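So the structure is just underneath, and the comments pick up after that.
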Amino acid sequence: MSAGDEHESKDTGRTEAFSDGVFAIAITLLILDVKVPLGATSERALLHGLAEEWKAYVAYTMSFSLILVMWVNHHRIFTLLRKIDQPFLFWNGLLLMVVSIVPFPTALVADYFDTPAARTAAAVYAGHGLLIALAFQGVWQHARRNRHLFARGTEAVVERLNAQYRFGPLMYLIAFALAFVSAEASIGLCLLFAIYFSFMGFTGQSPQKHR
Amino acid sequence: MSAGDEHESKDTGRTEAFSDGVFAIAITLLILDVKVPLGATSERALLHGLAEEWKAYVAYTMSFSLILVMWVNHHRIFTLLRKIDQPFLFWNGLLLMVVSIVPFPTALVADYFDTPAARTAAAVYAGHGLLIALAFQGVWQHARRNRHLFARGTEAVVERLNAQYRFGPLMYLIAFALAFVSAEASIGLCLLFAIYFSFMGFTGQSPQKHR
Amino acid sequence: MSAGDEHESKDTGRTEAFSDGVFAIAITLLILDVKVPLGATSERALLHGLAEEWKAYVAYTMSFSLILVMWVNHHRIFTLLRKIDQPFLFWNGLLLMVVSIVPFPTALVADYFDTPAARTAAAVYAGHGLLIALAFQGVWQHARRNRHLFARGTEAVVERLNAQYRFGPLMYLIAFALAFVSAEASIGLCLLFAIYFSFMGFTGQSPQKHR
Amino acid sequence: MSAGDEHESKDTGRTEAFSDGVFAIAITLLILDVKVPLGATSERALLHGLAEEWKAYVAYTMSFSLILVMWVNHHRIFTLLRKIDQPFLFWNGLLLMVVSIVPFPTALVADYFDTPAARTAAAVYAGHGLLIALAFQGVWQHARRNRHLFARGTEAVVERLNAQYRFGPLMYLIAFALAFVSAEASIGLCLLFAIYFSFMGFTGQSPQKHR
């Protein structure tokens, strides 16, 4: 390993550490928007208050899964990378920004899902999911167009992952469009994506197998 | 060390770093639910206001100890691991989710422990403790069923730890059942578990001794 | 590598890790000040409420970019460093303090930008930006005056970066002065800086090229 | 380096990472208690509102410095350590707990320093400072009584640091006692300690010089 390689490796490491920090904080802050019911004066009233918050629990689970899936895939890209360059850092910064915004649309859905303003809340959530998918594509396609950023022997994995990743923006575009028709359908689809990819991301073929 | 091993080691490292981030944030956010008494206009009134919050202090201590114990044991598993696979990541993600939820039942107990709704609050807290214990079993038993994930020579430690870990779900199940009878008994038991295992976890036999 | 070098390297590493943590948390906490509109009872009312918050979105984007730029440059300094000394730690601590204060002036601008108190809010924001630029100069100039802190062969990069960095305090001084005339001009300039340097920082010549 | 050493080193590393996370989060959460003045309708009113918050700024600076000093010293201990054991982890957990509580007494001082309840707030702050100093002594004296935890050749540094550290609890004990006489004197002393040790900690003799 030459001195140059070592510096590049140090670079990748710190960007991963900073990114991990942002992912970990964003995912843990989500709980701050699940509020304890106030002023219940009996067991029944507290149970009722807790049950009323089902929207907050659904929104929490959906966004926790979404950020976890993004982290797993971010992590996966970095296991393939040999080094990073400045435009990669820019795209990565943009991705971190949209990921750290997630608590906002999550709170919006939790607050407005069963109100007459539900479709607006759903459109913001799905639209934000689309932004995340696009920022992820920005990171990924930049690396893909600059093959020297990837470690040698990763071509097959990269192409296989690319086939999976390209559906991300399309899926959230559909969820966004659906929001104008039905908040339930749109959020249902977002929830399905998050949970499906939590399982798939974890049970699908690992890139390690190709090394 | 082959290139493959290095990649696996990098993998374990980043999962540890992300997990550490979530544990560290969840444990530090707990203090946000200990509120400063408002509007006290004399030394006596402020002292009284601070004393009134004893439930928040107990809930804080209980949950800080709980998360710390979970971290110590999570950390211990990782010292035994040689590598991780995709299902491990899934179980680990589930564990991180239930750990990062801890501030919610903590605030519930702090707010409702001395109200007529205390048993509901205690049942939620102990029930959530049970979920944490089950998610931890998920991580642990997956690794145990896939011995190649552990480093060589760790069999004895793994079996000894397994004997300890299997009581976790049972203990929280008892605390959960007790909540329907007495909130004090249920929370008292949860507090006892957290503090007992803080001490035991730290003073018990270390896995290192077996290497 | 001698034992001494290793200890110094460990030192740099942990200071980077702690700094990364503070940067990552400060940047992720910014979203807590973007509040969900309350009590909207129709799609139109929620859209209107969301549109009303444009100041919060601008302030968020501006401060996210600012902290990201500071992180990129902090990171860049550390890629050049061979070791750190105690005064460096002091200046670094001061930089972390002003960076972690960012959510406060951000919330001030979000709350007061379209009120009669806008210029005060802008002066605080730009004035705080000046403090950050000065703290960064403190870190940088300390290292520059103590060349043995830098790795060998970095002289040219250090001087080139120095030529860029010296404009930072001047720019925020101008934005601060402008605040007494026009809040829009001052904040507009701060926004321009943050976004311009986000792009420049990422697309400009990398120090790695000089190794 | 034998396999055993490597495992121990990994152990120290992850405890440092987790501790750094807790320190970094606690120090960054402090800003959440510096609130933007509400409802100012003129430049003068906002300036007045901001000036009114001087107690919050003082409390912020005092606690930021305190946590930073604790981090620097925690970091310093770890540069001397060769390995850690289970009781060390317990003491370290206790130290992390009292450090992560800091936002609470800080908010108490910010809210009550210029009220008739000031002495109670000061006593809580200084008393909590005493707890931190005692927890730090717990970590330190455990390591000192178990010399094999320290790297070889560190005896002189350990004894010199010990001479410094033993004053910590005494100083906060004095500040605590003073709180019953004068809140100003007590908080003034706490502020002095935090700022003095920020400078001393950074400009004093570094342990590295002794290696």
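Letters A, B, C and D mark the chains as written, and numbering starts fresh at 1 in each.
Please note the rule applied: a contact is a pair of C-beta atoms (placed from the backbone, for glycine too) under 8 Å apart; a residue touches a chain by one contact, two chains touch by 3 or more.
Remember, it's a predicted structure, so these values are computed and weren't measured experimentally.
*Asks:* Farthest chain from chain A, comparing Cα centres?
*Replies:* So the farthest one, by centre of C-alpha atoms, is D.
*Asks:* If you list every residue number at the chain C and chain D contact, are more than half found on both copies (same) or fewer than half (different)?
*Replies:* Different; most numbers are used by only one of chain C and chain D.
*Asks:* How many degrees of rotation bring the Cα atoms of chain B onto the matching Cα atoms of chain D, given to the nearest 5?
*Replies:* With C-alpha atoms aligned, the rotation comes to 90 degrees.
*Asks:* Express in whole angstrom the distance between the two chain centres, defined as the mean CA positions of chain A and chain C.
*Replies:* 25
*Asks:* Counting in whole Å, what is the centre-to-centre distance of chain B and chain C, each centre being its mean C-alpha position?
*Replies:* Inter-chain centre distance comes to 35 Å.
*Asks:* Scan chain D for residues touching two or more other chains and write them down.
*Replies:* 17, 21, 25, 29, 32
*Asks:* Can you name the residues of chain A that touch chain C in the complex?
*Replies:* Interface residues on the chain A side: 3-4, 7-8, 10-11, 14-15, 17-18, 21-22, 25-26, 29, 32, 85-87, 89-90, 93, 96-97, 100-101, 103-104, 107-108, 111-112, 115-117, 119-121, 124.
*Asks:* What residues on chain D touch chain C, complex-wise?
*Replies:* For chain D paired with chain C, touching residues are 16-17, 20-21, 23-25, 27-32, 34, 36, 38, 40-43, 45-47, 50, 60-61, 64, 68, 71-72, 75, 78-79, 198-199, 201-204, 206, 208, 211.
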